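Before anything else, here is the set of structures, which you'll find just below.
There are two complexes below, and they share subunit A, which is joined by subunit B in the first and by subunit C in the second.
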Partner chain A sequence: MRRLLDLLRLYSTGMRIGLAEDLAYRGNFLIRFFVMFLSDLLFPLVTLLVYRSGAAFPGWSLEEVLLIQGIFMMAKGFANLFFFGLVWNIGQMVRDGLFDLMLIKPCSVIHLAAATSFSLDNSGSLLGGLGIFIYAVSRIPTPGPWEWAAFFLLFLLSLSVLFSFSLFMSGTLFKWVGNSRIYEIFNTITQFGLFPKTIFSRAFQNLLTYFIPIAMLAFFPAAVLKGDKPEGLFLSGGICLVFLFAARLFWYAMLKSYSSAGG
Partner chain B sequence: MLIEVAELKKTYIHYERGGSFLEAVKSIFHRKAIAVEALKGISFTIEPGELVGFLGPNGAGKSTTIKILTGVLYPSSGRVQIAGYVPWRDRMKYVAGIGAVFGQKSQLIWDIPPVDAFLMNKAIYRIPDKEYRATLDMLVSLLEVERHIKTPTRQLSLGERMRCEFIMAMLHRPQIVFLDEPTIGLDVVAKEKIRNFIKKMNEQGVTFILTTHDLDDVERLARRVILINRGEIVFDDTLEALRGYLGKKKFVTVRTAKPLSTAAFPGMEILNAFSEYQMEMELDTETVELNAFIRYLDEKYEIKDLTVEEPPIEDILKSLY
Partner chain C sequence: MGKLVSRFFNGRLLTAVAAATYKEWAAYRSHILVSLFVGPVYFLVQYFIWSALFQNTTTLKGFTLDEMLVYYGVTTLINYCIMDFADWNLQMLIRTGRFVTFLLRPVSHRFFALSQKVGHRLLGFWLEFVPVYLIFFFVFRLPLVPANLFWSLLSLVLGFLMMFLVNYSIGITGFWLVRTDGLRSFFLIFRDVFAGVFVPLVFFPGWLQKVLFFLPFQYISYVPVRVFSGSYELGGITLAIPVIVAIQGVYVVLMGLVSEFLWRLGIKRFTGVGV
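Moving on to the complex of A and B:
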């Protein structure tokens, strides 16, 4: 309990400082906020165009696909806001030799790096995703309490997958300093999560469900919310936990190879 | 004993790559690994309340030692015990009791005032409100930064910033503080304020390990000096012992009423003849007594002015590096 309170204190202070930093340059803050908001609307707009032109993802209505994309944007928006910044934070600090300063603090380096990377301009994605999500939910049959409960549980697993990705990515930066293309690789992989997994080949579906649990990012939470019982859900949930465990192990193993910068 | 270091070794693996285009392409497929021994088995101990100067030329292994002692790096082998902890193994518990100031690495946040950045350390070290306020007031007053802690960091001068760095590092009242070039780039006034602060904190029982190239820092602060070169400790004793390392030499500059050109004395060597009446001499006090030499000069040449100086510490270090 005390550890949890300490962690909450750390994050709330990080948020307060992040906000103070954001407001030091208000113009930049507003521009970044709207750029994030608009750039993340690209995929839902493309989906709208696809459906307006008469095409469709087989077995999925426009609102159901928007539901997946809204959840995907919310999960990524939440991650960007609260913990994904640890990838940039660690990358920058390792390159500049400032990561040493993180290691001399008596708290989890992972949480410290995440808490000190809070930036409110990333909230554009979260708000955009929330808007699409509310619109899509209002257009599908109303989910019951069990559907909502299952959704929230799976949304947590979705965040855990993104957290695992952030650990894998930041972990590589201890060894391969200056790996600037890592976010593009991550983005390419996770974008498969924007679409219903059933549109892919069987082998690829298995890859997205049981190997790299991309399907958990938005497909599974959306499916339970609209009342489906998708195949492989429970196993994929377990895989998410294994993925998180492996990411944590990987991160600490890579930390041991951190050699600091000269001087 | 507060700090015990035994047979500490650290080997880095570097990759060699040539500058030509061909070698750059070749390095994509194969890079030649080179093992660099940064520390070759150093050992030393430090008692509570000591203020130790840790000196050495660039690349000697100072920073590697400090990084291992602060838990930042894992050693290749050897043993370190600080206040009952092994820094890299018990990192979280251990670092709660240490502080560090790196002259070239800031803990402050560029766009916001230091007082806001201090709150991050308050949360990290779980400092209760009352204790935080009391410590902050004490440090702010000692370092004379009342006006500066509320100004955005980017608008502070280097000296003001560095004093705020000390507050950041000492808010949790650490018992051991590692200082890496804390006065680098500062003017004499700012240096003096920082040195006075270190002295006061040391008087209160805080142990300091000071890494610096500024020998004034060492002369004014350290009682003990550890010299490291090429990964090995080449000297570990008091500052006085370091001074005596080149033998008991003194530098005498004298101006006389009569021409000094005939001056000759066993154990004396003329270094500079500014004029017939003014010269700089090196005196080996193991061969000749300083009093006897001064008497000789006065009786034979009639002294008008005289200064006696210790050999510059730089000369001693150069001989050890």
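Moving on to the complex of A and C:
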């Protein structure tokens, strides 16, 4: 219980500092907020343009695809707001040789890096996702309480997958010092999660469900919300937990190779 | 006339700065080699998306499936040739005050930055363009052969210059704003969407296509891609390849003038704070 309270204090302090930093450059903050909002609307915009041209993913209406993309944006927006910044934080500190300071602090390095990376401008992404999500949900058959319950559970698993990715990425940066393109790799891999799983080949569907659970980012939560029982759902839920466990192991293994070679 | 040319072009400077940048970035080969993963995987996603979308139709907005895949393949490759970060570099120099050192040098910073881009992209050509081209050609079996090599190369060079001039102009905003990350990100999204990087511009509503015809963004990527495939159409306007390349050239000159104008306005505001 005390550990939980300490964590909450750590995150609330991190949020206060992050907010103060954002407000020091208010103009830039507002533009960044707006940009995050706009940039994440990119894929829904492309989907809209394509559907307007008369094309469609077989078996998926525009609203159903937007539902997947809205959930994807919400999950990423939430992650960006609360913990994904740890990748940038750790990468930067390793590069500058400041990571040693993190290691001597009397709390979890992962949580400290996540808490101090809070930035409110990332909430633009969360809000954009929420807007798309509300629009899409209002245009599909109304989900019942069980669908909503399953959705919230799967959304938590979606966040766990993103947290696992942040551990894999930040762990990699202990060795691959200063490589900012790690985000590009992440964005490219997770692009598969923006579209219905059924458009991919069988081999890729298995890969996205049972090996790297990208289908859990948005496809599975969207499917249960619209009343489907997609194949591989339960097993994929278990895989998400294994993925998280593996990410944590990987991170600590990589931490051992940290050589403190910076400034 | 010679003086005017030498003010905007200096062969020795270009070679020296490009060579230095090439060597500097060659130290970060693994950074650039990430493209060997990102490019093909991005294309793979597009392959699945468009294959699904074309299941019930043979053409979409005048594109067949094969033409659409070539569009995305060529867009990816062209981006390796024209990509730059002149905007980030310039605003960083202004913000940190390091820009002062450039004011003391007897060279134009814009030409210096362009020379850096030449060196950086030469390295990108070997490490990104060539391997990804081979992957597209042999693994995905994309027929990546330009309809006309001369016009394709010329359009690519103009796209290279246009990308630089647009980015450099965005970087100049650093003279007015202390932090430009937000504005830069905004322009970069705007630029890529309207350059046709994410979806061919013919998918936009008709009225917007007509507006886009007059904006500089299509000349960065959309025009070079269409020139590569040998036909150009936007907003109901169909033009012969030499004509659109000539218009692209005019727009590059206009963008150069815009960038010069912004530069003259901005430089007066530079205070060197942060040195």
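Note that the second predicted complex is superposed on the first by the 261 of 263 C-alpha atoms of A that agree within 3 Å, B and C clash if a C-alpha of one lies under 4 Å from a C-alpha of the other, contacts with A are read in each partner's own complex, and residues count from 1 in each chain.
What we mean here is this: a contact is a pair of C-beta atoms (placed from the backbone, for glycine too) under 8 Å apart; a residue touches a chain by one contact, two chains touch by 3 or more.
Predicted model, so just to flag it, every value in this text is computed and none were measured.
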item	value
Clash-or-fit label for the pair subunit B, subunit C on subunit A	fit
Touching partner for A:Leu153 - first (subunit B), second (subunit C), both, neither	neither
C-alpha centroid angle, subunit C to subunit B via subunit A, nearest 10°	90
Contacts of A:Thr116 with subunit B and subunit C, given as first, second, both or neither	first
First (subunit B), second (subunit C), both or neither touched by A:Lys256	first
Partner chain in contact with A:Leu241 - subunit B first, subunit C second, else both or neither	neither
Touching partner for A:Ala55 - first (subunit B), second (subunit C), both, neither	second
First, second, both or neither for A:Tyr25, with subunit B first and subunit C second	both
Partner, of subunit C and subunit B, that touches more residues belonging to subunit A	C
Subunit B and subunit C, minimum CA distance [Å, superposed model]	7
Those residues of subunit A which subunit B touches in one complex and subunit C touches in the other	25
Subunit B-facing residues of subunit A, complex	6, 9-10, 12-14, 16-17, 20-21, 24-25, 97-98, 100-101, 103-108, 112, 116, 256, 258-260, 262-263
Residues on subunit A engaged by subunit C in the complex (per definition of touch)	25, 27-35, 38-39, 42, 45-46, 49-50, 52-58, 121, 176, 179-181, 184-185, 188-189, 191-192, 195, 199-201, 204
Subunit B to subunit A touching residues, read off their complex	12, 63, 67, 70-74, 91-93, 95-96, 98, 100, 102, 104-105, 107, 109, 111-112, 116-117, 119-120, 122-126, 152
Of all residues in subunit C, those that touch subunit A in their complex	30-31, 34, 37-38, 41-42, 45, 48-49, 51-57, 60-61, 177-183, 185-186, 189, 193, 198-199, 203-204
